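Each structure below appears as C-alpha cells.
What follows is a pair of complexes built around subunit A, which joins subunit B in one and subunit C in the other.
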Partner chain A sequence: MSDLARRHLLGAGAAFLGALDASLAQAQQPSPRRGGALVYAQMSGNRRGGDASNSRHPYYMVDLITRSAYNTLAWVDEELKLQLELATRIAPADDTLKVWEVTIREGVRFHDGRMMTAGDVAASFELHRRRNFASAQIQRTEVVNPTTIRFHLDAGNSEFPFVLAEYDCVVMPANPDFERIGMEGIGTGPFRITSNDPQRRMTFERFEDYWRQGFPYLDRLEVVNREGQTEAALAGYRARQFDAMLNIDPRLIRQMEREPQTDLVAAASGDQAVIILPKHPGSAFNDARIRRALSAAIDREGLVRIVYGGTRWGWVGNDSHLAAADPMFVAPERPRDLALARRLLAEAGHPNGITLPTLYYAPQWPEMARYFQFIQESVREAGITLPIEERPNDGYQRFRMGELDVSRGNWHKFAYTAVGPRNPGISLFRMRPANNESGYWSGPAADRYMALYARAMLTAEAAARRAIYAEMQAILREEAPAILPAGRNNVLIKRNTVHNLRNHPQHWSIRWDDVYRSA
Partner chain B sequence: MIALILRRGALSLVTLFLLASFIFFATEVLPGDALDVSLSADEIANMPAEVMARRKAELGLDRPILERYWGFLGGLLRFDLGRTIITRAPVGEIIAMPLRNSVALAGVTLLLALPVALAIAMAAAQAKGRAVDNAVSGAAIIGYSIPEFVTGLLLIAVFAVWWPLFPATITASTNDPLGVLLAAAPLAIATTIIGSVAYLGRILRVGLIEVMAADFVERLHLSGIPRWRIIWLHALPAAMIPGLSAAALYAASLVSGVVVVEMVFAYPGIGAELVRAVTRREVHVVQAIALAAAICVVLFNLLADLGIAALDPRTRR
Partner chain C sequence: MRAALRRPAALLGGLLVVVHLVVAIAAPWIAPFAPTSLLDAPLEPPGATYWLGTDDLGRDAFSRLLWGGRVAMLVAFAAGAVAVLGGALLGLAAAYRRGGFDDVVMRLVEMKLAVPTILFVAIFVTGFGQSVPVLIVAVGIIQMMGVVRTSRAAGIVLMEQGYVRAAQLNGESGLIIILRELLPNVADLLAVEFALRASSALLLVSALSFLGLGISPPTPDWGLMVEDGMALLESEPALVLAPALCISTLVLGMNLAAEGLADALGLDAARGGGG
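Take a look at the complex of A and B:
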C-alpha cells in the first residue's frame, strides 16, 4: 500500500473514531423515564430457531435480536454506518489489511459478574470463526495484552470492522470447551436472560452493571414469537398485551396507519429474497441463459407494487446482495425484459417455454407466500412454468441446504432464503462460488467476480472500491448466479408511549438500551 | 367389581395394543415412509438408489417390517417413542409438556363444564316444552353449532379488544407452571367450555327427560317422595349413565382435538404440536401424539365404564 493510501486510511480511521465518540456521547443522553416493562411480538420466523433446543445461545435466540442480552465489538447503526460497541479502537496493524488490532472497552462486566477480557473475545471468536460465514476469514486471534487483541485474516479486508458487528459475533465468557461457549446465555448486554422457551418466548431483566451507565431504561423486556400468526399478534397488540410488533406483514400497513396511539416506524431498508439456483449435475440452472431468462421475466416493479404497496415499503433488487439504499447499489436499467427472456429461452433450446423444478420457500417473512405467487404468475408470461411449494420455517435451512453434503444425496435445493443488508464487502462476498447462496456458481465470470472482490478488499479508499463494486454487480446481472428480485423496508409498529425504539434495516440490530416508555 | 376392573383393564390393554399396531402400520407401512415424507419430490427423483438406501439404514427403515414393529412395541414398553427426523431429539421430551398442558386444559374445561351442563340440563328437563327448555335447547344448538374458532374470535373481540379484561393471545411459556398457564388462558378455557356445555347439556337433558318419564320415577312420585330427592338421588344417577359415556369420549377429544382453540389462542398444547409435526413431516411425533390421543380415549372410556358400573349394578355382570 502506498504512503498516500495509508495516510488516507489512517485519516479516515481518525475521523471515524471521532464520529464514534460523538455518537456514543449523544446516545448516552439521559432519558426522562426509567422503569417499566416492554413486550413485543416478533412476526418473522428465525430459520435457525426452529432447530434450536437452547434459545439462550446467541445463534439460536428466538428472534435474533441478540443485542438485548449480548454485545459485539462494533455495531452497525440505522444508516448502516459502523459504531464501536465493546471495542474502543479498531485499526489495521499494517498496510496489508490482513492483521487488525482491537482495543476493548475496560470495565465491562458479564451478567455473571466477571470482567470481560481480551481472552474472552479471543475465545468467542474461536467459536465464531468456525460457525459464522463472515468470521471464517479469521485464521487466528492473538491476545496482545488484557485489553488488546489482534485478528489475523486469511487475506486483506478493508471492511473487516463490519465483520465484528455481525449479530452472531457477540462476546461471551471464555470456556475451555469452546463448543460450550454461549450455552448459558451470559453476555454483556443491557438485559439479562431470565427465561426462554425456544421458538416461543424469552424474558429479560435489566442488567444493573451494564457498561453504558444509566442504561437500559426498561426494567423488563419480553419477546413473544408470533411468526405465521398475524391475527393473533394483532389481537394481542389491540388488547394491549404487546407494546410493539416487529416485522409486520406489509398488508397490515394501511390498516395500522389508522390505528389509534400507534406509530409506524419504517427502516431505510431491509431484507430481500435470494432465489438460489442450484448448479449440481443435471440442473437446468447450469445454463446461464435459463438463469438470465428467469431473472428477466420477473416483474420486479409489479412485485414491489403488489406485495409491498409501493416503493415506500419495498424496493427493486439487482440480483446482488446489496440493498437499494446502499450508496454502492447500481439500479437495474431494465428490471423486466420479456423479449429478452423469451429469446434466451429459445437460444437455450426451449422456444415453447420451460417448466422449472419446484421452487421451495418458507414463510420466514409474512408476505412470502404472496411474493412467490406473484413471481410464479409474472414469469408465466415469458413461458416459464414455475411450481412453488411452501415449507415450514422449522428445519428449513437444513432442508434447503441439504447439510452441504452432496455425497450423502443431500443436494441443496432450488429455494429461497432471506438476506439482510450489510456493508458491500460482506454482501458481495455472499455470491462467492463456495457458497450455497450462489448455487455454487463457477466458471470464468465467477473467477472474474472473485478477483474483483479480492481487489476491493485490498483497496482502502471507499471511492475506489465503488467502481469495483459496480463492475461486480454488472457481472451478477449478466450471469444471474442467483436471483434477488426485490426487498422490503422493515416496518415495526409501536404504541406512541414507547420512545426511542428505532427501526433498523438489519432487523437483528435493533437496540433496546435507549428505549423507554412514558406513562 | 374387582373382576370387572380386571376384565375392563385387560380389554383396554388389548385395545391399546391394537391401536398402537394400527398407528404403526398406518404410518410406517403404507406408501411413503418416514424418509420419503421428509424429502422433496426433486430429492426423491434425483437421489441415487444407494444413497437412498444408506439414508433409510440410518433411520432403521431398511430392517424387515416385523423387526421394526417389535422394536416399536418394545420402545413403547420402555416409554421410548423414538427421535425426531430433523433434530434427532427424543419425541417423548417434545410432547411431554404440550401433552400436560392439553390435559390440564381438558381437565379444567370438564370440571367447569360438567356442573354447568348438569344445572342447565336439569332446568330444561324440569321445564320440558316450556320457555326455559326452548331457550336452553336453542342456545345449546347454537353453542354446539358455532365453530370454536368463531367463538374464540368473538370472545377475543369482546373481552380482550373492546373490553380488555383478559389476554387475547397466550404468551406464557410451554414449561410454565400450570397455574400460570391456565391463568393466562381464560378465553381459551371459555371457548372450550361453551362448546362442552352445549354438547353435554343436550345429552344430559335428553337423558333426564327420559328418566323422569320412566315408570320407576312415577312410582316414586306416587310413594310421596319429595321431588328434589327423586331428581338428585334416583333420576340423576340413572340419567348420568348415557351421559358418562358421551362425556368420556368428549373429554378424550378435548385432549387431542382442541387444535383450533390452541392455534387461535397460541396455547402451547398437543394440538399445536401436532400441527407443527405434520408440517415438519415428523412421523414419529405424529405417531406419538396419535398414540397419546388413543390412550386418552381408552382411559376415559375405562373410567366411564367403571363409573357406569358403579351407578348401575346390572352392568357389572
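Take a look at the complex of A and C:
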C-alpha cells in the first residue's frame, strides 16, 4: 500500500472514530431544559472593566463577553466563520465594496421593551465609528427604511461584514447624545443585566422576549472576575462557587483532566502575543536584520511544547496577527533558524551577540511569565541577551504605550500585548504603520504591505484574496515589524452538568443562549 | 555576641542564618545546573538527576532553590541597612531637635504607617519598576518607620545624659552631637533593630514576590517559586514546600538570633519594637 493510500485510510479511520465519538457524546448529552443558574470565573486580564458610571456599557463589561446582554449584526462562530445575528442580510450595494446594505431582523426587542429599528443601529454605529478601531472606516450611515441601513465606507472593504461582528459593535437603543448610548446597559441579548459591581462581578437574568424564541435556557448567569487569581478561582471552583472557569492557565490542564465531574473544553485557537519592536530614533529595532534575527532565534515549537503543553493547546505563529486555525494562515517553513539569526546579527555588526533593551510584559494571561522566560532562554543560544521585566497589569497599557507627544522622549516600549484571532482583513490591518502593534513600522516594505492590503480589500472573491494574504504574511516574516511567536488555544473547564458551553477562539465571543444544566 | 551565642535558641538561629548565607554565596559552585536553563520536560518528578524534579519550564528546581535566597537576602539586608541608617538618623534628629521638627517627623511616620504595606509597594513598583534597587528603597522605607520611633525614644532618654549636655555647652553642632554622642550609644539597639528589620524585610520581599510585586522572573527566588507552584500544589507539592521551608527557616533563624542578641544586650526591642 502506498504511503498516500495508507495515510488516506488512517485519516478516514480517524475521521470515523471522531464522528463516532462526537455522536456518542451527543447521545449521552441530556436534552436541553430550562432553568437553573450558572456562575463562572473569568481569568483574562482585559483591563477594560469600567467604573460605577459605565460598567454596564459593552465597552467596559467585566469580561468583554458582551453577547450575554447584547447582540451585534453578525457573529463570528467557533470556526471563525461569519453568521448573521441581528442582520438577516449583509451585502455590498455595488462593486466598489464601499457601500454595504444591511437588512435587520424584525421583531427584535430591547430589554426595556422597545422594538429595535434601523435608527438604533445607525445611532449605535455613530458611537462605534468614533471608538472602535475596525469601525473607523465608516464615514456615515444611512437609514433607507425601518429595516434597512447603508454603511458608507472611506474605501472598499471586501470583509466588512466581519467589522459588524466585532464585539464592541453591539446594537443599543438610540440616544441623541451618542456619548450616552449604552450607559444604561440595555441590549437585545439573551440576558438582562440585573446588577454589577464594577471590575468584580456582574449578574444577569433571562430576557423573556429574546428574539431567539425558546432561548436562553438558563434563568440566571453570573460572572465573577478572577483575573490573575488562578488559585482563588480554582478553590472557588472546587468549593462549587463556580460552575466554570474560562481561560485557565495551560499548566493546569494536566491536573484538570483528572478533576472529577469536570470537562475541559478547548477552542480551535485563541490569543497570541505581539512582541512590539519600537522603531524610534536610536532603537536597535530600526535594523530589520536584528528584528529578523530575534524572530529566527525563538524556539516557537519549544514554546508551544513547554508553555502550552503541546499542539493540542497551543500553536506556532508566523509573525502575523493571523491564527494558525485561520484558513488563510501560512505556516512558517522554518519556525527556528539559529544559523540565520547568527548570520543576520553578524551582518548587522554584532558578530559576538547583542544585548537588547528590556522587554516589559504584564501577566495579562497566566502563562505570560513562563512564555517570556522561555523566549529569553531560547534566544540566548543565538547570542541574544534579552532582559525581561514583569510589570503589574494595572497601568501596563499606559506604561508601554508611552506618550503621544514623542518630543517628550517617552516613546512606546519594547513590550507585548495580547491579540485575539479575527478575519484576515482585520488581523492583517493591525500591522499598519500607524499602529502601535507594528512598532510604527515604515519604509518600502511597509508601503508594499499596505498596497497589498488595499488590493485585498477591493477583491471580492475570498479565494483570490488568499494569494494576496500569503504575500503579506511573507513580507511580515521577512521584515518582522513585530514578532508573534506562538498562541494559545483557549481552554475552559466546566462541571459535567453544564451542557452546550462551547469555547471560542475569541474568548469574548462565547454564546450563552444554548447553555443549559442537567439536574 | 559571645553571650548571645551561649543561648541555645540564639545559637540555633545563628546557625540557620549562617547555613543559608553560605548556601546563597556558594550557589554558583554547588548548584548542579544553571538556575534558568531549560533542561528537560516540565514537571519531571524528583529523581537522581533532578533532586526536586523540574519546574513548569523544565528547570532544575533544586538548583533554583539553592540560588533562590540570594536576591531576597540581598534586598532584605540592604533594606535593613537603609532602614536602620535612615531611621536612626531621623529618629535621633527628632529626639535632638524636638518641637516642630519632631512633630513633622512623627506625623510623617504615622502617615506612612497608616498606608497598607502592600499598597505602598504596589504604588512604588508601578511608578518605578520592579528592579532590585527599587525594591531595596521601597522595603527600606517601610522598615524605617519602626526604627525612627525606637531610636527617637532612645534618643530622648540620652538627651538627658550629662555628656550630651556637656557637648551642647561646648557648642558642638547638632550633627556632631547626633553622630558622636547619640549614635554610638544606640548602636546595641540598632544592631538588634537591624536583625529584626532584615528578618521582617525578607518575609516582606518573599510575600511581594508571591504577589507579583517583588523580584521579577526569571530570577530564582523563593517567594516566586512558591507563587509559581501554588496552582500545582496538589500534584507537585515539593515545588511549594521546599522554598516555603527555606523562607521559614531563614526568618526563624534571624528572629532567634535577634532575640538572643537582644537578651544578651539587655534590650527588650526584640519583643516589642514599633512598626
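Here is the rule we go by: the second predicted complex is superposed on the first by the 477 of 519 C-alpha atoms of A that agree within 3 Å, B and C clash if a C-alpha of one lies under 4 Å from a C-alpha of the other, contacts with A are read in each partner's own complex, and residues count from 1 in each chain.
The rule is simple: a residue touches a chain if its C-beta (ideal position, glycine included) is under 8 Å from a C-beta of that chain, and two chains touch if they have at least 3 such contacts.
Given the structure is predicted, the values throughout are model-derived calculations rather than measurements.
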{"item": "Joint occupancy of subunit A by subunit B and subunit C, clash or fit", "value": "clash"}
{"item": "Subunit B versus subunit C as contact partner of A:T194, first or second or both or neither", "value": "neither"}
{"item": "Partner chain in contact with A:A232 - subunit B first, subunit C second, else both or neither", "value": "first"}
{"item": "Residues of subunit A touched, compared between subunit B and subunit C (which is higher)", "value": "B"}
{"item": "Touching partner for A:G395 - first (subunit B), second (subunit C), both, neither", "value": "both"}
{"item": "First, second, both or neither for A:P357, with subunit B first and subunit C second", "value": "first"}
{"item": "Which superposed partner A:E222 touches (first subunit B, second subunit C, both, neither)", "value": "first"}
{"item": "Touching partner for A:A369 - first (subunit B), second (subunit C), both, neither", "value": "second"}
{"item": "Which superposed partner A:N496 touches (first subunit B, second subunit C, both, neither)", "value": "neither"}
{"item": "Superposition clash, subunit B against subunit C - the stretch among 164-172, 290-298 or 308-316 that is involved", "value": "290-298"}
{"item": "Doubly contacted subunit A residues - partners subunit C and subunit B", "value": "389, 392, 394-395"}
{"item": "Parts of subunit B lying in touch with subunit A, wherever the complex brings them together", "value": "40-43, 46-48, 51-52, 54-55, 86-87, 89, 156, 160-161, 164, 166-169, 171-175, 263-266, 268, 276, 279-280"}
{"item": "Touching residues on subunit A, where the partner in the complex is subunit B", "value": "39, 51, 53, 195-197, 200-201, 222, 224, 226, 229, 232-233, 235-236, 238-241, 282, 357-358, 360, 389, 392, 394-395, 398-399, 402, 408-409, 411, 413-414"}
{"item": "Subunit C residues within the subunit A interface of the complex", "value": "36-38, 41-43, 56-58, 122, 125-126, 129-131, 212-213, 216-218, 228, 230-232, 234-235"}
{"item": "Residue ranges of subunit A touching subunit C (in the complex, touch as defined)", "value": "228, 230-231, 234, 249, 251-252, 254-255, 302, 306-307, 363, 369-370, 372-374, 376-378, 388-392, 394-395"}
